[in-house]
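In the two complexes below, subunit A is the common chain; its partner is subunit B in one and subunit C in the other.
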Partner chain A sequence: MILNDLLGSDVRDSDGGRLGEVSDARFALDGTPGQLLSDARLVGIVVSPRTAASFLGYERLGITQPWPVAQLLRWWHRGSFLVLWEDIARMDPDAVYLRPGYAAYEVGLQR
Partner chain B sequence: MKRLLGVALGILTAIGGFVDIGDLVTNAVVGSRFGVSLVWVVAVGVVGICLFANMSGRVAAVSGRATFEVIRERLGPRAGLANLAASFLINLMTVTAEIGGIALALQLASGVSYMLWIPMAMLAVWLVIWRVKFSIMENVTGLLGLSLVVFAVALFLLKPDWGALAGQAFAPSVPGSEGPAVYWYYAIALFGAAMTPYEVFFFSSGAVEEGWRVKDLIQSRLNVLLGFPLGGFLSVAIAACSAVVLLPAGISVTTLSQVALPVAQAGGQLALAVLILGVVAATFGAALETTLSSGYTLAQFFGWSWGKFRRPARAARFHMAMIVCLLAGVTVLSTGVDPILVTEYSVVFSAIALPLTYLPILIVANDPQYMGEHVNGRVVNILGLLYLVIILTASLAAIPLMVVTGAGA
Partner chain C sequence: MRKQPPPLRKPPEVAGRLLDAQLHLLDRQLLDVDGVPVTTIDDLELSGPEHDEPIPEGAEAPRITALLTGPVLGTRIFGGRPPSNRLIRIPWSDVAEVGTVLRLGVKGESLDALWVERWLRDRVIGRIPGGSHDPE
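Presenting the complex of A and B:
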C-alpha cells in the first residue's frame, strides 16, 4: 500500500459509522538513523469530517495569517482529529476502520 | 564600493531582465489599439510582481526553499501535481514564445526567415544553460537588455503631445473604436505579462542558486523595488511609442517588425540596431529564465537534485528535463505557428494560472516554522490579500472574456 491509496479514503468507527476522510498522515522521524534522516514512523492519520483536501499546513500551528485564508481553511476542516496508529483496526481498500474506544487527538502540534 | 557596484549591477539586471517577449508584444499591441489608456494596468502589475518576487525571495533566503518546493509541501501531492501541470504547460508555452522571439529578432536583423533561426536559438539557449555560470548568464543578458531603453529615447525623439498622453494615461477610458470587453481582455493580458509566474519561480530558485542568506535580503529588495518599476517604465515606453506612431496610422501590431516601427521612424537605422540588440538580449534572457524555470518546477516538485551550481552530471534529470522542454518548444514552432500569437495566448494563460503560484507563497511567508521572525508584516499581508483578490478576479474573468472577444480580435 502506498500513501496515495490511503489519502482520501473514508474513515469509519468500529460500528461502520462514517467519521470523515483521511486528509493527511503524520510521521515521526525517530526510526533507525539513516544517512540523512532517521527512518519515518507512521504516528497516525488526520481525519477531516468534510473534505480530504489539503489543510495547506494550517492544521499544525495556530497561525491566523493571512486573514481570511487561515480562518476559511480552519473552518472548512473544523472537527478534524488525529487518530494514532494503535487505534486503527484495519485498512480496507474502501475505508479505514478504527478500533472501539479509539482516542481522537487534536490535530495541532504540541510545542 | 564593491557592494555599491553589486547593488547597481543587480538593479540594472533587473531592469533589463524585466521585459520579455510577452511584455514587448502585449504592450505594443495594446499601445497600437488603446493608446496609453491601459498604462495603469502595468503599474498595478509591477507593484504586484515587486510584492510577490520580494516575498518569494525572502522565503527562499530564510527557509532555503524555492517556490515549487513550497507549493509541493503545502498543497500535497495531488493538488500540487495539478498545479505543476498547469504551471509547467504555461511555462512551456512561454519558452516557445521566447525562442520564437529570438528568431524573429534575428530575422529582423538579417532578413533570413525566422524558421531557420529557431534551431540556432535553441542550441544557443541550451549551450548557455549547460555551460555558463548563473551570475554571468544573468548579468550579460540583463545589461544587454537595457538597450531597450531605446524605446524611451525614441518616444522623446517622436516629440509627442505629452499633455494628451498624460491625459490618456491618468484618465483612462475605452477608445471609441474598441468595446469594453476587449479593453478588459487586454488589461488581463498586460497584467499577466507583468506578473508572469515564471518570474517568481526563477527569482526564488535564483536566490537558492546564488546562496542568499538573510543578510542579502536588503540588496535583493533594492534590486526588485528599483529594478522592476524601471523595467515597467520600459514597458510603458513601448506602449507609448506604439500609441504615438501606430495608433494614428491605424496599424494594429501583429508582427515584431511593427513593434520596431516607431523606433525606426524616430531614430533611424542606428536606433533600430540598438533595438534589435535589446530584443535579442531580452528574449534570450527570458528564454534562459523560462527554460530554467521549467527545470526548476519539475525538479522541485519531484525532489530531484537541481541547480546550475551543480555540475550537469550531478543534476542529470534537471538538465534532461530542460533539453526535452527546449525540443518540445521548437517542435511547436516548427509547425509554423506564429510566435506572436503564441505570446499573446501565453500571457493570458499566465494570468489564469496566477493564483496557483501566489497563494502558496503568501501562506508560507506567514508560517513561522519556515520563516522564524521574518514572517510577513501586516502591511505586506494586506497588500498580498488585495492582490490575491485582483489575481483571482483576473484569473476567473480571463476565459469568459477570451470567448466573448474571440481572443481580443
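Presenting the complex of A and C:
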C-alpha cells in the first residue's frame, strides 16, 4: 500500500457516519530489530475533523510559539484524535472504515 | 453531518520512538552514509493491507517497507500520484537514522534513486574535454 493513498481519505465509523479525514499516520520504531533501525510499525491514523492538511504539527507537539500561530493552528485542528490500527476495519480508496465500538485517543506526541 | 468521536483516552505506551509520517518522514532530505544528498522522500510503501479487503481482527500491523521517490511534481500540482512502477524504492532496512534529515547506512552510488546523476556523469559530463578527471 502507498501511504499517500491513505492520507486525506475520509474516516467513517461502522455506520458510515463521517468522522473526519486522515491527516497523518503514526508509526513506532518497535518492530523486528533490523541491521540499522527497527521496523516501523503502523500504530494508527490521526483523524482531523476539518482538514487533512497539517502544518508543523502544532496540535501534536505542544509548541506555543509564536503564540498567534499556535493558537490559530490548535483551533483549526481542534477535535483531532488518534485511532489505533486494531480499530480499523477496512481501507477503501476513498474512505477508512472503523470497527464498531472503536476507541479515540489523544493525538499528542508528548509522553 | 459529521459525527463526534467517543471521549478521548490517553494513548497506550509504546516501547519505541513514535514517528508521524507527515511530520517526521515525508519531504525530508535523505543523505547517504557519507552525507551526500540522495533525494527527498515523496511517499512511503507499507506492507499491507490491500484496498477493499476487510482487515481481520488481530491482523499484524503494516510496516514501512520502503521510502519512495520519483516524478511527483506534476501530480502534486494537478492531483493523483504517479503509477507505483515509476516510483523508486529505497528499502527501510537501509535507513540508519531519523532526524532533521534521514540518513542511510549505505552509499548512494548503489541506489536507483541516483541513476539520472550517474547517467549524466558518464554520458555527458565525462565526454566534455577535461570532464573525466580532477582539475590540475
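Assume the second predicted complex is superposed on the first by the 109 of 111 C-alpha atoms of A that agree within 3 Å, B and C clash if a C-alpha of one lies under 4 Å from a C-alpha of the other, contacts with A are read in each partner's own complex, and residues count from 1 in each chain.
Criterion: a contact is a pair of C-beta atoms (placed from the backbone, for glycine too) under 8 Å apart; a residue touches a chain by one contact, two chains touch by 3 or more.
Quick caveat: nothing in here was measured; it's all calculated off a predicted structure.
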What does the overlay on subunit A give for subunit B and subunit C, a clash or a fit?
clash
Considering only touches as defined above, state whether A:Gln35 meets subunit B (first), subunit C (second), both or neither.
second
Where does A:Trp67 make contact in the superposed view: on subunit B (first), on subunit C (second), on both, or on neither?
first
Tell me which partner A:Glu106 touches in the superposition: subunit B (first), subunit C (second), both or neither.
second
Check the residue A:Ala95 against both partner chains and state whether it touches subunit B (first), subunit C (second), both, or neither.
neither
Between subunit B and subunit C, pick out the one touching the greater number of residues of subunit A.
C
Considering only the stretches 296-304, 350-358 or 368-376 of subunit B, report the one that runs into subunit C.
296-304
Need the overlap of the two footprints on subunit A, from subunit B and from subunit C, as residue ranges.
3-4, 7, 24, 54, 56-57, 60-61
Quick one: which bits of subunit B touch subunit A in the complex? Just the residue numbers, please.
73-79, 359-360, 362-364, 366-369, 375-376, 381, 384-385, 388
Subunit A - residues contacting subunit C, complex
1-5, 7, 13, 17-20, 23-31, 34-43, 46-47, 49, 54, 56-57, 60-61, 79, 81-82, 84-86, 88-93, 99, 102-106, 109, 111
Name, in rising order, each residue of subunit A that touches subunit B in their complex.
3-4, 7, 24, 53-54, 56-57, 60-61, 63, 65-67, 69-70
Subunit C residues touching subunit A - in the complex, by the definition given at the top:
1-3, 5-23, 26, 43-55, 57-58, 61-64, 68, 81, 84, 87, 92-98, 105
